[in-house]
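Chain lettering (A, B, C, D, E and F) follows the sequence in which the chains are written, and residue indices restart at 1 in each chain.
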Amino acid sequence: MRFAISVHGGPYTSQSSHSALNFAHALLAEGHELYRVFFYHDGVYNGSSIMAPPQDELDLYSEWRALAQEHHLDLVVCIASALRRGVIDRTEADRYDKAASNLGDVFTISGLGQLIDAALNADRLVTFRV
Amino acid sequence: MILHTINKPPSHTALSDCLAAMASDDVMLLIEDGIYCLHEVAGDHRAHVLREDLAARGLSGQLPSELKCLDYAGFVALCTQAEKVKTWA
Amino acid sequence: MQIDWSLSVSNRTLLFVQSHAPHGSLFGQEGLDAIMMGSAFARCTVLMQGDGIYQLIIDQDPTGTNTRDYSVTYSALRDYGVESVLCVQEDLTERRLSEDDLIIPVSVVNRSEVPHILATHDVILDF
Amino acid sequence: MILHTINKPPSHTALSDCLAAMASDDVMLLIEDGIYCLHEVAGDHRAHVLREDLAARGLSGQLPSELKCLDYAGFVALCTQAEKVKTWA
Amino acid sequence: MQIDWSLSVSNRTLLFVQSHAPHGSLFGQEGLDAIMMGSAFARCTVLMQGDGIYQLIIDQDPTGTNTRDYSVTYSALRDYGVESVLCVQEDLTERRLSEDDLIIPVSVVNRSEVPHILATHDVILDF
Amino acid sequence: MRFAISVHGGPYTSQSSHSALNFAHALLAEGHELYRVFFYHDGVYNGSSIMAPPQDELDLYSEWRALAQEHHLDLVVCIASALRRGVIDRTEADRYDKAASNLGDVFTISGLGQLIDAALNADRLVTFRV
């Protein structure tokens, strides 16, 4: 079955990122397809490549990165949510004249159409909320 | 059949909102801080709890015997059995 | 964004559920953004659930808070093809609100009808 | 005398938690989404509401006449009059 | 961090209020960090209020959630000079908890005593 | 009177940052002193200099910056909260081998001792929570 996941909570701040990651692992282990993970609201902070969590805590960014590379996942951060929260790639940094960018390389910035597309084209949309 | 997830304790409205919106053949899964609702849903044949979140909160020993306990693989299976997922937070 | 409606509109129906009060958090505003986008691709219904109904109170003036009055955007939903904005009679009553307090006409349903509303849409998006 | 701020609607426990913890000479200020508690605190002489948050939520016309309405300068003044601030969220 | 206790300990008393369940959010864990720091500079009391009492449930095992079991850190509070961890009898009862379910000994007070607790500390830090 | 402010909520996501900013303006206008603003939990995201909010919305970062410069404010983001959330200055970026830093120049990263110090040395601590 084809799943899509939407993540609303910021990493560490809310459990939703941890739960979404665990759920993604489980569905892939069961042989299902993960069509897309769409990061919305504070979920976009998951895309930041410059988080430095304590060494005895899960490194969520590395976890998403490893999972995405292993399974060729489509990890999308919502552009509107991300811009106002300061999660940007090089292109957006240039466009808005910001001195740095922080989006990790396995994440892409895209519009809300990607959420709607996932809702319409996946068999199941599972949202992890704050 | 709809799968309803709840991730807030009884002090929030998530549980009562969910119960008011559930059909008799829907199912419910307590996740995250929704685990703390376990006593309130005891006896409801539609209720399930997520094992990992239950253990994290130290309540494995308090699980009412009639409540169905699932791991993440069971959560995924429940999603496939349901037509869609509604979340209450 | 250019949309070829004849090609892109899906047969699946989307139910958007707004459950947060406005201004205190961004959930409502970002949820409405998603509704607008959804309306371009599918038939959409909006359910203002619980505290979500507060988003529709008329004459919001956030000049002093410096947040945004996005409630006016709800008035544009009809132009986007969203014909059905629902709210629950009990949610209104508990909050001492009536339809006259709201910025747009809504379809008022009883709480007992919510299970049917959830059942008759293909996908639910919660905010 | 303690100033208690509430920033959640009546659907949350903030208001009832606050009321249970308030002394008779304490004061309360509804801010942010706490504004929606205005009907619940009507008649309580200790209650105040923040004008800017009230207007933002479109409820200026529903303010019970006995409720004291303050702007941010009044919020600051209330802090100086109180010995300390307790927040309920 | 080196602390010269004789110089730095304040006469003011701090009341830390923990009001969130653990794991679902980081409030409890970061609140406890603040308590530990506070204990180095002042006399501190901790009040586990409402859902905050859930933080003290014994035998939490977040292996499967990949969150952190910081509840064990509460056991160290006494060594940091924090002698008083309070909780409210009604909060326990409503959550079907007793003192036996908690990882550390607590001082159980009645809800009616909370106003006095708030009144008798100089500064309140809410989490 | 000497005030201290603690901000727990992320910018835009929660109103707490807007409220704290309004409160800070008001107390300074009334002639009071603002000893420190301590950003904790998601409040640390206020320190990001790479947020790009829509042009018709308040630019919170610029607002904090302008207020701090006008009144020589001490704006502190909690180091533990900030590291795990990816709000870091150049020093921390180097220490943790991150490719970018994003902390604005009017903010400083420091420890929780700064919150306790503010609680003990200000006349009033006012917290803006999520």
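The rule we apply is simple: a contact is a pair of C-beta atoms (placed from the backbone, for glycine too) under 8 Å apart; a residue touches a chain by one contact, two chains touch by 3 or more.
Fair warning: this is a prediction, and the values are worked out from it, not measured in the lab.
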- Query: Which neighbours does chain B have in common with chain D?
  - Reply: C, E
- Item | Co-neighbours of chain E and chain C - touch as defined | A, B, D, F
- Query: By CA centroid distance, what chain is farthest from chain F?
  - Reply: B
- Return the chain pair with more inter-chain C-beta contacts, choosing between B-E and D-E. B-E
- Most distant chain from chain E by Cα centroid: C
- Item | Mean-CA-position distance for chain F and chain A (Å) | 26
- The distance between the C-alpha centres of chain C and chain F, rounded to whole Å, is 33
- Flagged in chain A as touching 2+ other chains are 12-13, 15, 19, 22, 41, 57, 80, 125, 127, 129
- Note the residues in chain D that touch 2 or more other chains, in rising order. 7, 11, 13, 32-33, 52-53, 71-72, 84-85, 87, 89
- Note on the structure: Residues in chain E with touches to at least two other chains are numbered 23-26, 50, 64-65, 67, 123-124, 126
- Task: Spell out all pairs of chains that touch, sorted by label.
- Result: A-B, A-C, A-E, A-F, B-C, B-D, B-E, C-D, C-F, D-E, D-F, E-F
- Show which residues of chain E lie in contact with chain A when the two form their complex. 23-26, 64-68
- Query: Can you list the chain F residues touching chain A in their complex?
  - Reply: 10-13, 41-42, 45, 48-54, 57, 80, 83-86, 88, 92-93, 96, 98-102
- Which chain E residues qualify as touching chain D in the complex? 17, 19, 49-50, 111, 114-115, 118-119, 122-124, 126
- Along chain A, where are the residues that touch chain C in the complex? 6, 40-41, 80-81, 111-113, 115-117, 119-120, 125, 127, 129
- Item | In the complex with chain E, residue positions of chain B that touch it | 7-9, 11, 32-33, 36, 39, 51-53, 55-62, 71-72
